[in-house]
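Have a look at these structures, which come just after this line.
Look at the two complexes coming up: subunit A is in both, with subunit B in one and subunit C in the other.
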Partner chain A sequence: MKRVRDWFANPWGQPRALAVITWTYMAWSIVPVVIAVLFSFNDGRSRSVWQGFSLRWYWGDPSLSVFHDPSMRGALEQSLKLAGFDMLIAVPLGVGLALGLTRWKGYGARPVNFLMLFPLVTPELVMAVSLLLVFVLLYKIPLGTEAQVLGQVTFSISYVVIIVRSRLLSIGPSYEEAARDLGASPVGALRLVLLPLLSPAIFASFIVVFALSIDDFVVTDYLSSNESTQTVPIKIYSGVRGTTTPALNALATVMVVATLAAVALAFLVYRWALRSQPGQQGALKEIAALEA
Partner chain B sequence: MSKKTDGAIELVELRKEFGEVAAVDGIDLGIRAGEFFSLLGPSGCGKTTTLRLIAGFERPTAGKILLDGVDMAAVAPHRRKVNTVFQSYALFPHLDVFGNVAFGLRRQHVKREEVRRRVEAVLEAVQLGGYEKRKPAQLSGGQQQRVALARALVLEPSVLLLDEPLGALDAKLRKALQLELKGIQERFGITFVYVTHDQEEALTMSDRIAVMSGGRVEQVAAPAEMYEEPQTVFVADFLGVSNLMHVTAEGADAGACRARLGDFVLRAGNGDAAVSGSTRIVIRPERVRIEPYESMGDNRVPGMIERVVYLGSAEQLVVRLATGDVVQALFVNDGTPREFVQGTPVQVHLPVDALRVLPPPAAAVPEPEAKPLEPASDAAVQLGAG
Partner chain C sequence: MVRRWFWPSFALPGAAWLVLLFLVPTYAVLAVAFGTTDPIFSNPVPVWNPLDWQFQTMRSVLGEMRPGHTFWIVYVRTFAYVAISLAGCLAIGYPVAYYLARHARRSKALLLLLLIVPFWVSYLMRMLAWVGLLLPDGLVNRALQELGVISQPYGWLDGQASSVILALIYGYVPYLILPLYAVLDRIEPHVLEAGRDLGASPISTFLHVTLPLSKNGILAASVLIALPMFGDYYTNDVISGSPRTSMIGNQINLFFQGGPQRTVGASLVIILSVMLALLMSYYLWVTVRASAQTEDSLL
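== the complex of A and B ==
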C-alpha cells in the first residue's frame, strides 16, 4: 500500500499525480478525433461499425469520395481559396497596423489599441450578423467569396496585430535607431532590420490566419451565397443532418492534417529563424528540453 | 586612417520637453574637435536625452545643435555625420559581425572590395580580426562592445556618441576597455561625446567633463579642475567624497573667506572669498588632517573619532566635530604607523588652502562662470526664473 502511495505521491520523486491528470485529459480530448479519423478509412458505409481498411472515401469511390464528389471537392477548394486570400490581405495590413500603432504615441492610440481587441471579444455570431447587415444594406457587397474574404480579414487582422505588436515591443526601438544612425533611411531601416527581425512573427501570423480561416464557420456561413461558396466546416455541418458516409470523416481528416501540417511547419520555421536571435535562446532551450 | 580636424559641436540654448517635463532645460555647451568630452550625471539628469538630440533621435523643442558651425537640429539622423555606440549595443542579431560592421558602408554604396578592406582594418583595430563570420549572440559582452564600436568607427564619423557603452560589463573588463577606448579616441582623433553616470570613468578618460543635473549643466571643466574646484554643491557632492558643512560666510578676510561654523571661525582659501550669508564649505577627505587634541592654531576644530574603517590601501576615519558635523578623513596606507582609536578626542585641521567656500544655493544657478558661453547666461537666468 505504501509503495503504491509512494509511486503516486512521493514529494521527492516525479509528480506522477499531475502526469496522470495530464494524460487523462490528453486521452479524453484526442479520442474523438482519432475515432473520426479512423472511420474515414472504413471500407463500408457505416460511421460507427468497423468494416475493414480502405481509401475509398478519399478517392477510391467514383462518386461519393472527397476527390470525386463535386460538392466536397468544391468545399475543400473554397476553404483553401478563402484561406489564401485571407492570408494575403490580413497579414500585410496587420503588420502595417502593428507598426503604426507601436509608433503612435499621441491621443487616440489607446482607444485604437483597445478597439483592436474588439473582434476577439465580440461573440462571433454578433459579428457575423452585423457584418451581414452592413455588407448587404450599407456597402452593397454581393454575398459569396468577396464578402467571405472581407469578413474573415476583418477579424483575422486583430490576431496579426497582436502577434506582430508583441514582437515589436520585445524588439524595442534600438535596432531601428542603430540602423538610422548608420545611414539607413526610415524605409531602409524597416526593410533591412525591422522586417528580418519580425519575420518569425510574420510567419506565425500567416499560419494563425490560415488556421482561423480554415476553421471559421459562423462568419463564413453567414456571408456565403449558395452551395458554390460552401467551405469544409459548412459542408460538414450540413452533412451531419442528411444521409452521411465516411467521406465526411475523410473531409474532416484532410482539414485536421492540413492544420497540423501548418502548425508543424510554423514551429520548424520559427525555430530556424530564431536560432541566432538573443533573448529567444531561453525559450528555444526550453523547447529543446521538451523534445529530448 | 588619418587624424581628423573637424567634429566641433556647439549646443545653443538646447531644450527638449517631454509633455510638461523639460528633460534638457536650455543648455549651452561647446565641445572642441577631437576632444574626449563626457556628460556626467545621475540618472534622469538629461545626459542621454542630450546625446539623443545630437544623434538626431529626438527633435529639440528649441535651440541649436551646431556641427562644425552648421545647424543640424532639423537634419534626419541618417544624414548626420555622427555615429552612436548604444548602451545595449543594438547589434543586428540577424547579421554576422562582418554584416554589422559593413552595414553603414553599404548604405553609402561603397565598393565591395573597399567595404571588405575597411571592415577588416577596423576589426583589426578593435582586436576582433577573424571574428567576421560570428553572430552577435556568439560573442561575449566585451566582444559585442567592440563590434558596436567598430560598426560606428568604420564610417569615420566626425563625432562619436557613446551612451554608457561600458555599463553592461563587469568591473575588470570595464577598466581595460576604458584605457582602450581612450587609446582609440587618440589614434583616430575623433570627437567623443561620452555619457556616463560613473564619475571614475569620466575622470579617467575625459579631456573635459560636463556635470549635469535636472536638465542643466552644473559645471564644465577638466577632470582635475572639476575635482579640485567644484563650483556648486551638487558637483562637490556628486564627484568623489566630500565633507560638506553649513556655515555662515562673513566675506573676505586677507584673501580668504571667513566662515562661521558653530562657535568656530574658519578661513576658506578657495572659492569666491566675498561670499556672505548662509552657504556651505567643502573639503575632500584626503585633505583633512588629524592632530593631537593639544595642538593649537587656526582652522582647527576639536572632535572625537567615531569610527575607524580599514580599506586596505587606505584608512578612513569618521570624526564628529564639536559642532555636531561629521567629517571623513582618508589616510593612504604608506607604511606610517597610525594608532587611531575609536573615542579618542582629536583636533581636526581643515587647512585654509584645502577648504573651499561654495556660492549660496540661490545664486548657484545663474552663476556666469558655470556656463561656458557668454551670451547664454542671460537666457539661462530667464529660463531659471520662468
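== the complex of A and C ==
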C-alpha cells in the first residue's frame, strides 16, 4: 500500500517511470501474440471477432483444420524435417570450425575467421538471392528440400562457431595440455577432455540452430520448389493477407508451443546434466547472448 | 607433438562449406548482374569471366536511382523507414534495457524471461498477430471506435507507412534490447557511485557516465537491427502489400519472385550490399577508433 501511495505522490521519481515503460513494453510485446493464440480457438471463421471456444481449427474441421488440411500438416512436417537436418549438419561443421580456428595458428586461419563473420551480417535476402542464383545457374541443384537444407546450414554454421568458440576461449588450453602431458593422444585429449567440457556449448548450439531453422522464412522460401516444400513461416506469409480461417493461427500456435516445449525441455535437461558441475554459465544466458 | 594438419583438418569441412555456399554464390550475383540476358526467354546468362563483364544493366539501374527516377523514391523511403524505426526502437529499447540492468530486482528473472519469449515466437507469427489486430473488424479498430476516436474502421493494412514502421519496430526491438542490456549490465556500479560522490545529480551521472559508456553498445545494437531491416520485404508485404510503401527489399523480391529481369534484381542486390558494407565499415572505424582512444587515455 505504501508503495502505491508513494507512486501517486511522485510518479516521476526514479525509477517508476522506467518501470512503467518496461512493463508496458513487455505487455505490448506479448499480448498481441496471446490474442492471436486465443483466436486459434475461435468457433467461427473470423480471426478478429470472438464467436465462442472450439477446437475446430486444430482437428474438429474435417478439411480446413491443421490436422486434416494436408498442406498445413505438410508445412509442419517440412519445418521439423529441415530443422532436424540443419541441426545434424550445421552443429558438427560449426564445432569443427570453432576447434580448428581456435587452435590452428597457421596463416589460413585469418581469412576463414573473416569469412565466417559475413553470414552474420549479410541480410537474408542477399543470401537467399545468391544461393538461388548459384543453385540454378552453376550447381544445378534442384530447388526443394536439399537446397533448403544447404541454405539453412550456411547461415547456421557461424552461430555455432561463435557459441563454441567463446566456450573454448573460456576453457583455455591448460586442461588439454594436462591430458597430453599425462600421455593422451591429440584425439584422446579431444575426446576425453575437450568435448565433455564443450558439451554445454554444443547443446546450446543445437537449440539455437533449431530456433534459427524453425523461424527462417526468406532463404527457405527462395529455395522452396512448390507446395510440398512449404514450411510454417511460408504458409503464414502466403495466407495472412487472404481470407484465411483461424486454422492459420492454430498452425502458428502449434509451432510456438512446439518451440517453447523444446526449449523448456532442453533447459531442464541442461540443468540436470550440469547439476554436478557448479560454476557453469546458464544455458539461458548463453542462448540469450547469442540470439542477438 | 600435434601434427601440423591436425587442427586445420577440423576447420576444413566448415571452411569448404562457407567457400562453396557463401563465397561462390556471392560471386554468382556479380556474374549475373554483369552478365547478359537470353534474348528469347529473357533468362539471365551469367558471365563468369570478369574481363567479359557487361555494365549496361548496372548503368541503367544506377541511372534510375537519380532523384526523380523509379528507384530513387524507393531508396529514400527505405532510408526514412529504417531511420524512423531505429529511432523508435531506441526510444523504447534503451529505457527498458536500462531499467533491467539497473533497477529491476525481484522481477528481474521474470522480465528477462519475457524479454526472450519473442525470440522463440516466429517473426511471422508475431506479424500474423498484428494483422489480426489491425483488420477492419479487429480489436484496434473496435477499441478506437468504442472510444469515439474514429467513426469508420481505419484501413491500417491498406498501405499505411505508419503501420509498416510500427510493425518494423515491433519486429526488431527485441534484437536491440538484449545487446543493449548486456552492455548496460556490464557497467560497474562503483563507476556510477563515483559520479554521485563527486557531486553529480542522477541525471548528470546518466548523461556523463552511463550514456558515454553505452555509446558503443547503442551503435552496435543499431547496426545489428539496421542491417536486416534494409533487406526486409516480408514485414511490408504482410502489413501493407502496397507499392506505396515498398522498400528496397520489396523491389529486389519483385525481380526474383515476380518478373523475369533477374539481371536487374542482381544489380540491386549488389548496390544494397555495397551500401551496407559502407555502413559496416563506418561502424568498424568508429569502434576501432573508440577502443584506440580508450587505450590512449589509460596510458
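In this section, the second predicted complex is superposed on the first by the 250 of 292 C-alpha atoms of A that agree within 3 Å, B and C clash if a C-alpha of one lies under 4 Å from a C-alpha of the other, contacts with A are read in each partner's own complex, and residues count from 1 in each chain.
To be clear about the criterion, a residue touches a chain if its C-beta (ideal position, glycine included) is under 8 Å from a C-beta of that chain, and two chains touch if they have at least 3 such contacts.
Since the structure is predicted, the reported quantities are computational estimates derived from the model, not experimental observations.
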Contacts of A:V193 with subunit B and subunit C, given as first, second, both or neither: first
Which of subunit B and subunit C A:L169 touches, first, second, both or neither: neither
Which superposed partner A:A261 touches (first subunit B, second subunit C, both, neither): neither
Which superposed partner A:N249 touches (first subunit B, second subunit C, both, neither): second
First (subunit B), second (subunit C), both or neither touched by A:L115: second
Touching partner for A:M26 - first (subunit B), second (subunit C), both, neither: second
Superposed model, subunit A: greater residue contact from subunit B or subunit C: C
Partner chain in contact with A:E177 - subunit B first, subunit C second, else both or neither: first
Contact set on subunit A toward subunit B in their complex: 174-175, 177-185, 188-189, 192-193, 196-197, 276-278, 281
Residues of subunit B touching subunit A in the complex: 55-57, 76-78, 83-84, 86, 88, 90-94, 103-104, 107-108, 135-137, 151-152, 155
Touch list for subunit C against partner subunit A, complex: 2-4, 6-15, 17-19, 21-26, 28-29, 31-32, 44, 46, 92, 95-96, 98-100, 102-104, 111-112, 114-133, 135, 137-139, 157, 170, 173-175, 178-179, 182, 202, 221, 224, 227-228, 230-234, 237-238, 241, 249, 252-253, 256, 262, 265-266, 269, 272-273, 276, 280
Subunit C-facing residues of subunit A, complex: 14-15, 18-19, 21-22, 25-26, 28-30, 32-33, 35-36, 39, 46-49, 93-94, 96-97, 99-101, 103-104, 106, 108-109, 112, 115-116, 118-119, 121-127, 129-134, 137-138, 150-151, 153-154, 157, 161, 186, 211, 214-215, 217-218, 222, 232-233, 236-237, 240-241, 248-249, 252, 255-256, 259-260, 263, 284, 287-289, 291-292
